[in-house]
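We just call them A, B and C in the order they show up, numbering each chain from 1.
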Amino acid sequence: MRTLPRRLGVAIVLAAIVVFLSIKLNAFRDYQIAEVAVYFTAVAGLTVLTGLSGQISLGNGAFMAIGAYTTALLLLHLSWPFIAVLVVAAAATAVAGGVVGIAAARLRGPYLAGATLMLGVALPSIAYAWPGVFGGDQGLNVVFTAPGFLGANFPLTRWQAWVSAAVALVTLVLLGNLVHSRIGRNWRAVRDDEVAAALDGINVAAARGRAFVVSATCAGLAGALLAIVTALVAPGAYTITLSIALLTGAVIGGLGSLAGALWGSLIIVLVPTYVTDVSTSHGLSSTVGANIPIVAYGVVLILVMLVFPQGIQGGLQRIVIAFFGPNQKSRTWRIAPTPHVTPSADETPASQHEKEGTS
Amino acid sequence: MPVVEFLQLTLSGISFGMVYAAIALSLVLIWRGTRVLNFAQGGMAMLTTFVAIEVIYHTHSYWTGFFVALAAGLALGAICELTVVRPTIGKPPLNAVIVTIGLLILLEGLAGIFFGGQFRSFPAAFSITGLKVGRTSLGVSRSDVFVVAAVLVTTLVLAVAFKYTSAGLRMRATAFNAKIAQLSGIRVARVLTVGWALAGLLGALAGVLVSPSTFLYPNSMDVIFVYGFTAAVIGGLDSPAGAVVGGLLLGIALSYASGYLGGSVGSELTSLIAFGILVAVLMIRPDGLFAGAQMRRV
Amino acid sequence: MSSGPDGAPAGAGHVPVSGDDARRGANGTGPSNRSAPLEIEGLVAGYGGVTALHDVTLTAGAGAITAVLGANGAGKTTLLRAVSGMIKPRRGRVLLGGHDVAGRSPEQVVRAGIAHVPEGQGVIAELTVEENLRIGMMSWPSGLGRWRAATGQQMPGGQQAAGSGRAERAAALDEAYGRFKPLSDRRRKLASTLSGGERQMLVIARALLSRPRVLLLDEPSLGLAPQIMAQVMDLVTGLSREHGLTIVLVEQNAREALAVADHGVVLNLGRIVASADASTLAADVTLRHHYLGF
């Protein structure tokens, strides 16, 4: 999706698919479409942060929480139109992202991972500490209705799916613009070789901070969407598990790729539900039945990573190359090389003996 | 009395801190050898602790369960490395992270299936009643002392083994420069498996030591893992000494926080305080407190 | 290293009966068994999508010094890496004493008797000199391997049935310290405190401790002052003359390399373009200008 027209084309096609599916399928599927859209918005931001600018974040769930709580509070106390709420939520999260980005500018690899992990764990606890404002354990209810002009019989779930998908697709187009712009190129330069990038005149700290702002904003939008889709904002939904799920989705789908963000979101949403369906239909006992999806999800993560080291998008790319040859056409599917979360591959003891056979 | 309270909080903090240190050490061990962040460390510890409780239940012997847990930790660490982590070597670094996350989820699910999801109590090694000097309560029990001693002894034994045995030399050589190690005939694959096995042992130790306080259930080690990871980051991921210092620092600080801030606010905010400490340390030393002490050269 | 009257470094190679010979004598095998030719046949190797070596065939004569020369990027280092197992060759054979070690892992190749001293920093700076040396002995048989050796069973590949217990290790260390005095003076110091020349000495000493039959040296003189470089070259010569070690010497500095070598091979873009006696190569002015830069 290199050019803007192509991106818009993809967005329009996806929008059409969403509208079609939301009409054809039942309410639960609408809910899943909305879920996928929510996750896509967040994962897309994260995959840009980690895949393009090389900064790992285990705390984007916290940004989602900021977006969600801002939305809930605004809707609760001020009854603004949703679009305005969305803008404010995005802005609030962007500011938070900027603050984190400044702090994160000096951190690398596992240290950044540790700091963002702790952020993801700590931030939601604010909701518990000030239950008067944030509703504590129970959280805040969110009231969101479909607009009048759609008619009284328009299913709310379908409207939620449409709104979420719309935000997700706008994010897709805008991120695509960024990724292929000079800002995106600067990110890649910083990821690949900070020193060289600095010598090239790129302000490394600013570029890295910018990436955090972008990814946080995406997460904030996703949080706002999640608030209206689930009609509830409670700390239990924004734990570290969420942050980890986002990272998982980004890597599984194919790091640095917007298409990868879509695959990853689909996996996050669909696999657990599918496996739960399978296990309940087999009538397994509740303890076992509740845990089989968990086991299966873990196995899926491991297997996908082992079979598709470049993520699903990378795997697809290999298939495309196999069919079309390594030419221009397949190049458009190429995903970005993975970031140096750890010291470069040549330096790690791990890769230094990648050619060792059995010992 | 304020002094007694301070002492109690400090000693209790040291006790928890040593548990964080054990997890931190296991993470450092794996990080130095393979440059992998093992997110499954807590899950592995949880599983071996479940094994321990079953053994204790059937043999009515705490110590049998204790040592079986340690042995299970060795085995589980080695198995995880051989099956799941080995294929990620040489691939993009985040792959190993996702694989260990998958492993964590898998282990928690398996624990739920085989051991059930309800909270189980885990016995302590020694009495948990507070020790007294004269009539003053020290605020720490024999059990707490055992926790500190067990981690310290294990750490020292490992440190001595690393420095003075040829197996330890093999591991250090592989961690510093695997290329040279390999060219000299060191079977680096085997070394890595041993590293993971030892990390598994440390995790198992942490699990049995802390579970009396936290109860045992599939997610019981998640928080301990997070704090252990934080401790490792504070100390510097390449530094075993840093892991211990980081663990103690965190344990004591969190103990003061929940003790002095009191009430629900204090306990809710422990994670925020941990975050604050972490950020404070990293802003001053982005690679941890003991960074550069063990710098790898290319 | 101080120089003796004939220019050879004092203390290098002037040990009347080396510990190695004594051990081999006790086991009934003589020093001549040590020398073995290294035969490389049709080796093809590369990195990722790029092939760096195209069908390379050469023989490093037993007990001789074979220089591998060529410009940067000609494939010299790739050749050594493919032989020692650091990279897996795509095709071809690497024969040592009749056994093909191509494609084996570095740990197995060093046990077969080929020691590789890679270019650049070969010491582990965070370890002491003695620890670095001890690492060199980690390819010795231990456990089951040692029992096999003691009962006289044939070792696959090259490692001769010499002892590998603690006494032998101590003796080997002493011999290394005897040969390399500066290392002896600094045995407990970190390797990072050594000078460039001393590090090169340490690296070669470590490689020798693995009791190899073939030594692959990748640019041993890189980054060293000319004086030290000369000492290193003398050391290399001594290893070949006195101990019958088969040496493959990769060097950018072709003139120096040809001065010590018996045979020379020139690589260009991954192919062999010349293979002859060192003196013949040194005399071929056109060749020198074209490929060797002097």
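Worth pointing out:
In this section, contacts are C-beta pairs under 8 Å (C-beta built on N, C-alpha and C of every residue); 3 or more make two chains touch, one makes a residue touch a chain.
A quick note: this is a predicted structure, and the numbers were derived from the prediction, not measured.
Taking B-C and A-B together, the pair of chains sharing more C-beta contacts is A-B.
Comparing each chain's Cα centroid with the centroid of every protein Cα atom identifies chain B as the most central. Distance from the subunit A centre to the subunit C centre is 53 Å, each centre being the mean of its Cα atoms. The mean-CA centres of subunit B and subunit C are about 43 angstrom from one another, to the nearest whole unit. Averaging Cα coordinates per chain places subunit A and subunit B 30 Å apart. Multi-chain contact residues of subunit B, defined as those touching 2 or more other chains: 177, 179, 182, 187-188, 296, 298.
Annotation for subunit C: residues touching 2 or more other chains are 86, 105-107.
Among the residues of subunit A, those touching two or more other chains are numbered 353, 356, 358-359.
If you check the complex, the residues on subunit B that touch subunit A are 31, 33-37, 39, 84, 87-99, 101-110, 112-113, 116-117, 174-175, 177-179, 182, 187-190, 222, 226, 229-230, 232-233, 237, 264-265, 268-269, 271-272, 274-275, 278-279, 282-283, 286-288, 296, 298. Those residues of subunit C that touch subunit B in the complex are listed here as 84, 86, 105-107, 110-111, 115-116, 118, 121-127, 131, 134-136, 138-140, 192, 206, 210. Chain contact summary for the complex, subunit B toward subunit C: residues 166, 169-170, 172-173, 176-177, 179-188, 294, 296-298. Those residues of subunit A lying in contact with subunit B across their complex are 50, 56, 103, 106-108, 110-111, 113-115, 117-119, 121-123, 125-126, 128-129, 240, 244, 247-248, 251-252, 255, 287-288, 290-302, 305-306, 309-310, 337-343, 345-354, 356, 358-359.
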